[in-house]
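Please go over the structures that come below.
Each of the next two complexes has subunit A plus one more chain, namely subunit B in the first and subunit C in the second.
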Partner chain A sequence: MMGEAAGARFAAGESVTVRRMRPQGHIRTPRYVMGLTGKICHVVGAFPNPEELAYGRNGSPKKMLYRVQFQQAGLWPDYAGNPADTLEIELYEHWLMPAAVKEES
Partner chain B sequence: MDEPPLKPHDMGGLPAGGIDPAEKEHVLWEKRVDAMMMLLQHPSRALLTTDELRKNIEALGPEAYSKMSYYERWISAIAATLLERGIVTSEELGRGIEAVMAREAGLP
Partner chain C sequence: MPHTHNSQHRGEAHDHGPAAKDHDDRLTYYRAMEIALRELLIGKGIFTADDVRGAVEAMDSRTPENGARLVARAWTDPAFKARLLADGSAAARELGFEVGTLKLMVIENTPKVHNLVVCTLCSCYPRMLIGLPPAWYKSAAYRSRAVREPRAVLREFGTIVPESVEVRVHDSTADLRYMILPVRPAGTAGWNEEQLVPLVTRDSLIGVTAPLNTAS
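Take a look at the complex of A and B:
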């Protein structure tokens, strides 16, 4: 795992906020997590960038991928399930910023 | 700040009605589309990536995206990717479709 996660900006346990970006093109971040804050639960490793692969390019430089955990109750305003329920989703590093830091405009 | 515009595939959290849990029997052409995708993606050929397929499915537009079936979206996106990569030409694709339509209509 060390090799794969080398160069990761975030570590497991850190809080991150998902950027609210609206670029053209193919992105892998669903809107329902944009702007919300979760916690890194696993550094998955570096992978070819799907936003580049989508255009027939080779996906370099690779992007670090993280598994990020969110509270279900924070995602859905009318969430009626167990308040302890969580959702884990894999997000690329360039979509994440440290929590409690305002997004650069 | 305005909400980012919602793309038709980005439907997480939207009302979507019930889910039909019944097993679906795929017809022959759907199985062929699936097989074609596997053959194009195979590392020995690497003629198409999942990401290109997704990009071209997302580029179908909201109307086509909601009207087309799963494998109709796939075959449209496969064709778009192969055109972009220069693996097939529009002429080849057009002639192929013409031949199939003629066959279906019982023409020589």
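Take a look at the complex of A and C:
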């Protein structure tokens, strides 16, 4: 639909882990999903990188954007509610890695 | 009761209440920067003061009714509903709405999944279609609690989602803007689009409530 999904590293259904990064400045990945594993539910397409646009740059190269689904019980150990409850969030490709990969710390 | 400040008043109960706080009482850094930039651009003839006023007026004239019209059309026209879910912005343009660069993602509520929208990072909202977000949507409390304890937040809005129904929160962190397509209220089987529009409230488009029902 919106945007161009060609060249996406991940496909819908794949498990991905959100990188733990603390770069200085404007980022679009909230801390509560960092280090956690979810599943790609929608390859949205490539968009100018907002983490660059924020500083008046042109946002290139574009970054692939995904919607990633998490189980609420995986986000919050004491989550109260149906264990089937979920959360979906937009994340850019440079924040994601295959779920099997261990991040260097 | 209207009254004047004169000596005859002395001794009567006389309560003005606290004055409402002005919203423009402090010239903050960004407010000063906005004024300076605007005045420079007007001075250089890039645009006029009337252009700015007109843009603000156009934004303020966008209301949740635009979203309600999309929903009512989707409830009565299955082919339109499919197009709305596939590409919300294109479907909005089809009904004549100017949505600019908005990338509208319409999420369907079903008897099995109740969806709720939040922007934890700021206050992303499909303004180009349905106008400015309510104050609570921008509050730190809503933004943090909607992802952490969505069922408790929904209860505070009077919305009890049965345990058998999945609650799915959408955190609007990047380029998409979200609007919920609520479940069509029971008892509206014969209703046409015009009758359905008033049932679709702003809050039902955010997902914190169901639409109004036939009794309301």
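Quick notes on this structure:
Methods note: the second predicted complex is superposed on the first by the 100 of 105 C-alpha atoms of A that agree within 3 Å, B and C clash if a C-alpha of one lies under 4 Å from a C-alpha of the other, contacts with A are read in each partner's own complex, and residues count from 1 in each chain.
Just so it is clear, a contact is a pair of C-beta atoms (placed from the backbone, for glycine too) under 8 Å apart; a residue touches a chain by one contact, two chains touch by 3 or more.
The structure presented is a predicted model; accordingly, all values stated were derived computationally and were not measured.
Of the two partner chains placed by superposition, only subunit C is touched by A:L65; subunit B is not. In the overlay built on the shared chain, the residue A:R20 is in contact with subunit B alone; subunit C does not reach it. Using the contact criterion defined above for the overlaid structures, shared-chain residue A:F10 touches neither subunit B nor subunit C, since it reaches no partner. Within the superposed three-chain model, A:T86 lies in touch with subunit C and out of touch with subunit B [touch as defined at top].
Of the two partner chains placed by superposition, subunit B and subunit C are both touched by A:P30. By the touch criterion defined above, A:Y55 lies against subunit B but remains apart from subunit C after alignment on the C-alpha atoms of chain A.
Contact comparison for subunit A: of subunit B and subunit C, C touches the greater number of residues. In the superposition on chain A, A:F47 contacts subunit C only, with no contact to subunit B. With both structures placed on the common chain, the touch criterion links A:W95 to neither subunit B nor subunit C.
Touch criterion met: A:W76 reaches subunit B and subunit C at once. Residues 30, 32, 50, 75-76 of subunit A lie at the contact with subunit B in one complex and at the contact with subunit C in the other. Across the interface of their complex, subunit C is touched by residues 1-3, 28-30, 32, 44, 47, 50, 65, 67, 72, 75-76, 80-82, 84-92 of subunit A. Contact residues of subunit C toward subunit A in the complex are 86-87, 89, 103, 120-121, 147-152, 163-176. Contacts from subunit A toward subunit B in the complex involve residues 20-22, 25-26, 30-32, 34, 50-51, 53-56, 59, 75-76.
Listing the residues of subunit B that touch subunit A in their complex gives 1, 4-6, 10, 12-13, 49-52, 54-55, 58, 81, 84-85.
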